[in-house]
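What follows are several structures.
Below, subunit A partners subunit B and then partners subunit C, in two separate complexes.
After this line comes the complex of A and B, so read on.
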């Protein structure tokens, strides 16, 4: 009897060991997710389509980024042509060409919505160091859009992040976040982000079109589309300077 | 001189009808001046009172970091130990209350409102026990009830805001806001009271909830964004601000600053100052209209006396004496008119001060800077009565000089033939 039990235990161990050895922890998944969404430099063009009870508005943009901290967005659609948003380490600047005015956004001002969308300026300044701000817990595996995903619950460590609780669905292969639910500390669902389309850049899978829906406001959603994307292009360092912002 | 004065007074009594008609013309002109001045001044006084009673209080304390970002209502820049500040103020003899102001998106639901929607609002979290010692919302409740201390789910709304969104007592809304630090928070609250605040800017936007409940949800940890102080009516605000600041500094609360309502309402004062120029012009025009009326009546009254004047000259009366007699007579008419004018003005003003004129339908959708909502009331201004009285007499005397001067330049026969 005891021999049979020993054999059974050995059998279970043989089958379970590889998955136990290679199973990723929540922190490792987050690290990988952050790593794969960061490039040395990027250049992209795309659009932000905002829908609310007043209708739909589309803004076109082109953007440059460098590492985790520097990025520049320039709007090219008629209504916002020439408006720029520069993000450098810890700072965010807005440039309005009509007024020739440069505004530094800080503190509570960062919480304002960007062009009336469901994305705030603060969402843009958020650095890709999720684990600094959130405690991650792996809930298990789930299939989402026919992709096997790790389901993680992120609970804010500080009060300085917008969403106290995030639930994310991370692709087990590409580490792309297919879906994210943003909630208050009491668990009230505020926003849902869902990736609708993806594209490949080298070996990485990135979102081509994602939809952010405000669950508190009826008929309010933002569709973000990337039309062109270039990974690691050679960028002039002066792109991310204030001098460049005002020309 | 006594003879001249007696002659002037006898003339007044002799031409009773003319004296009465001229005096009435003067009285109506002056009454108009007194009433317009009372209304214009009344708007300013009421507007200032409504600003202090419902919006700014007399003096406000906040942290030095709060003021530059005040339009963003940063909860992070709150006063950490408000009770300590309140105790210091109490020792100095001031009445004060704590408040926390925060921006929120108010979500409306179709269940109550008929359709879903949202609007941006400013929420005032108050201490229900002490707020009414500084502000005056207690007297403005028109429906439901005021907030109770520690009430978690109740809000009180301004009647114009409630009207605009179709809110009624018992309706539920959600306030979506950012807590201290920046985290999102949603608060479900029910409308428990509606107030009709006389300050239109407040009545259009007011949402009040309990400070402690808001503080818990927003992670304020006992801090508040402001402490408001009420000063007696005649207190010198600037002196009191210095006194309060000295008391705060002496207690080691150097990061706090006290500001007078004048500092907080600079925009309003700039508008009021600009309007004061406009009201000055209106008042001047009213005065001119009154003056023209008085002049015209006096001129006519004097011109028709040219023959009498010629007769006096023919009888050997000196020009200076004639001039003086007519000036005294004009002054007498002016005195009667001015007395009647201020009496009529005072009677009209009693109505304006006690009842006022209801401009509600006109002011409902109009923001003309002043914090006056429906009824515009007059005020008592001794200055305006004195101006009316003195100018009524002086104008009559000055204006009478013109026809007298002209008549005295004429030949005596020409005066006697004058029609």
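After this line comes the complex of A and C, so read on.
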């Protein structure tokens, strides 16, 4: 081996070694992604704008979350005023002002469209414990919207999840999921999510506006926008209880 | 000789009474079956027409022009405004009654159990001409406007273990393409004639359903009953045009016959049954063909003698044709009479098809009442006579071809 070639190899090793040593595994990326999107508590307000064959409609909401498993959404727009969705410890409940009974959504019902949008109940209230349900595989790096992203494929460990396969584009710096493709186990594309705008909360980058397209519906798309966001506000823990749902 | 042919033929049918009786019975059974079949079909047609007009479409139905196009998406936002259309209907002299209705598919929640049902929002005070609710009410009372009360098909209540006073929560898609749920108290149980209505319907006050589904004053459809003798298609067109002229909106206004494929199919099926009836008679006539053939062989000596005495072949054919004709006339008359009486009796007591129709979504009542018709019975009688008589033509022709010499060999 010539001297020049040896020097070149040593040079490459010197430059590549740190990145090889400090390269994140798929699990570490997911862990960081979940950590940065989870707060002790949050309060936000926003809108869901759905466009389908019949036109465009907008629903307003406010939501609270606590840790990775509890969330509550209340709709404030006229058509759905007072309707609430509570997710706590793996169960999802719907509250409707005219119904005396809480409706518990389970299994396939979680995949039903929420308010006719492209977002399912599962999407809206999903728990931030990705690695409990999915096995992650790092596919490589890709530039998406001028951001360098890790491309990962998540394969479901259990049959209880809404999407058997997810392909996600995770920002290498902010760990924000810029794009996600949700598919069946056979690879049929079900849904596509793309972040259009972001905002900062402290040092974290969060989605401000996302576009979701249910590929099972024709000519349908939903824009979800977060108007206000408050990280770690003081919340009464009882708001995530069934008893509190009927207030 | 020729003048005496009918007399001779009539006398001949008594020469072997048992054989003639067998032929007559075969024709009678065919005629009886056809009379009963047609009685049942007529009863079914009348019943279906009544049910469709009362429970499903009225005689004329008004909907938003695009509703049917998007029906599978349950487009409740494509409604019609009852308050603005009602005055137009009131002014139309052909309109006897009109009522607004909202049909909506819903999931019924009972504890952890869910069940798919069909909700129907009605104004009970306007339904009198369409549905005789007091007569279908088995228990309890009718729901009151403005209250979250409902009337439930008795079979649905039984299957879900519900009784009067029980509560059910319905979840459905709204006119804003969102979702909503409402809890109704069961105040009445109904026994509708159509099994499907008993098994999966919940009837609630229109105003509560409008609020629940976010429809405002809109209704999904308006059903209309017409005065006696009014032309349904023409009136439907006239109403549709009137609404367009007065309100500037295009509607889907059609007569019930244009809306119900099942009813049209039943009418087509009835034509097909006339052909089936013909095969029935031909089948019944095989006995008379066989009998005539045997009679010809048995009476070979007689045929030979008659031929030798100068009787023409055509006269021999007519003789046997007349014998077949008399047997057909008697057999058909007996069959039609028994069929008519049987149909009349079944029409009084009704035929219970509850088991057979359970689980079948068809607008036919569980108990059917066959209908009798003197004119139809006479037509069937004549039809049976013609087919059976023509059937004897084949063996009768054989008699004309027998040579006297050959026949006299049997002497």
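By our rule, the second predicted complex is superposed on the first by the 231 of 247 C-alpha atoms of A that agree within 3 Å, B and C clash if a C-alpha of one lies under 4 Å from a C-alpha of the other, contacts with A are read in each partner's own complex, and residues count from 1 in each chain.
Everything below uses one rule, namely that a residue touches a chain if its C-beta (ideal position, glycine included) is under 8 Å from a C-beta of that chain, and two chains touch if they have at least 3 such contacts.
Small disclaimer: the values here were computed from a predicted structure and weren't measured.
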item: Fit or clash - subunit C, subunit B, common subunit A; value: clash
item: Partner chain in contact with A:184 - subunit B first, subunit C second, else both or neither; value: first
item: First (subunit B), second (subunit C), both or neither touched by A:234; value: neither
item: First, second, both or neither for A:107, with subunit B first and subunit C second; value: first
item: Overlapping segment of subunit C (options 78-86, 186-194, 222-230 or 240-248) - the one that collides with subunit B in the superposed model; value: 186-194
item: Overlapping contact positions on subunit A, where the subunit C interface meets the subunit B interface; value: 53, 109
item: Subunit A - residues contacting subunit B, complex; value: 53, 107-109, 111, 122, 156, 158-164, 182, 184-186, 188, 190, 216-218
item: Touch list for subunit A against partner subunit C, complex; value: 50, 52-54, 57, 59, 79-80, 83, 94, 96, 98-101, 103-104, 109, 114-116
item: Complex contacts: residues of subunit B adjacent to subunit A; value: 69, 72-76, 105, 107, 116-118, 174, 176, 178-186, 219
item: In the complex, subunit C residues that touch subunit A; value: 70, 73, 75, 77, 109, 112, 114, 148, 167, 169, 171, 173-174, 176-183, 211-212, 214
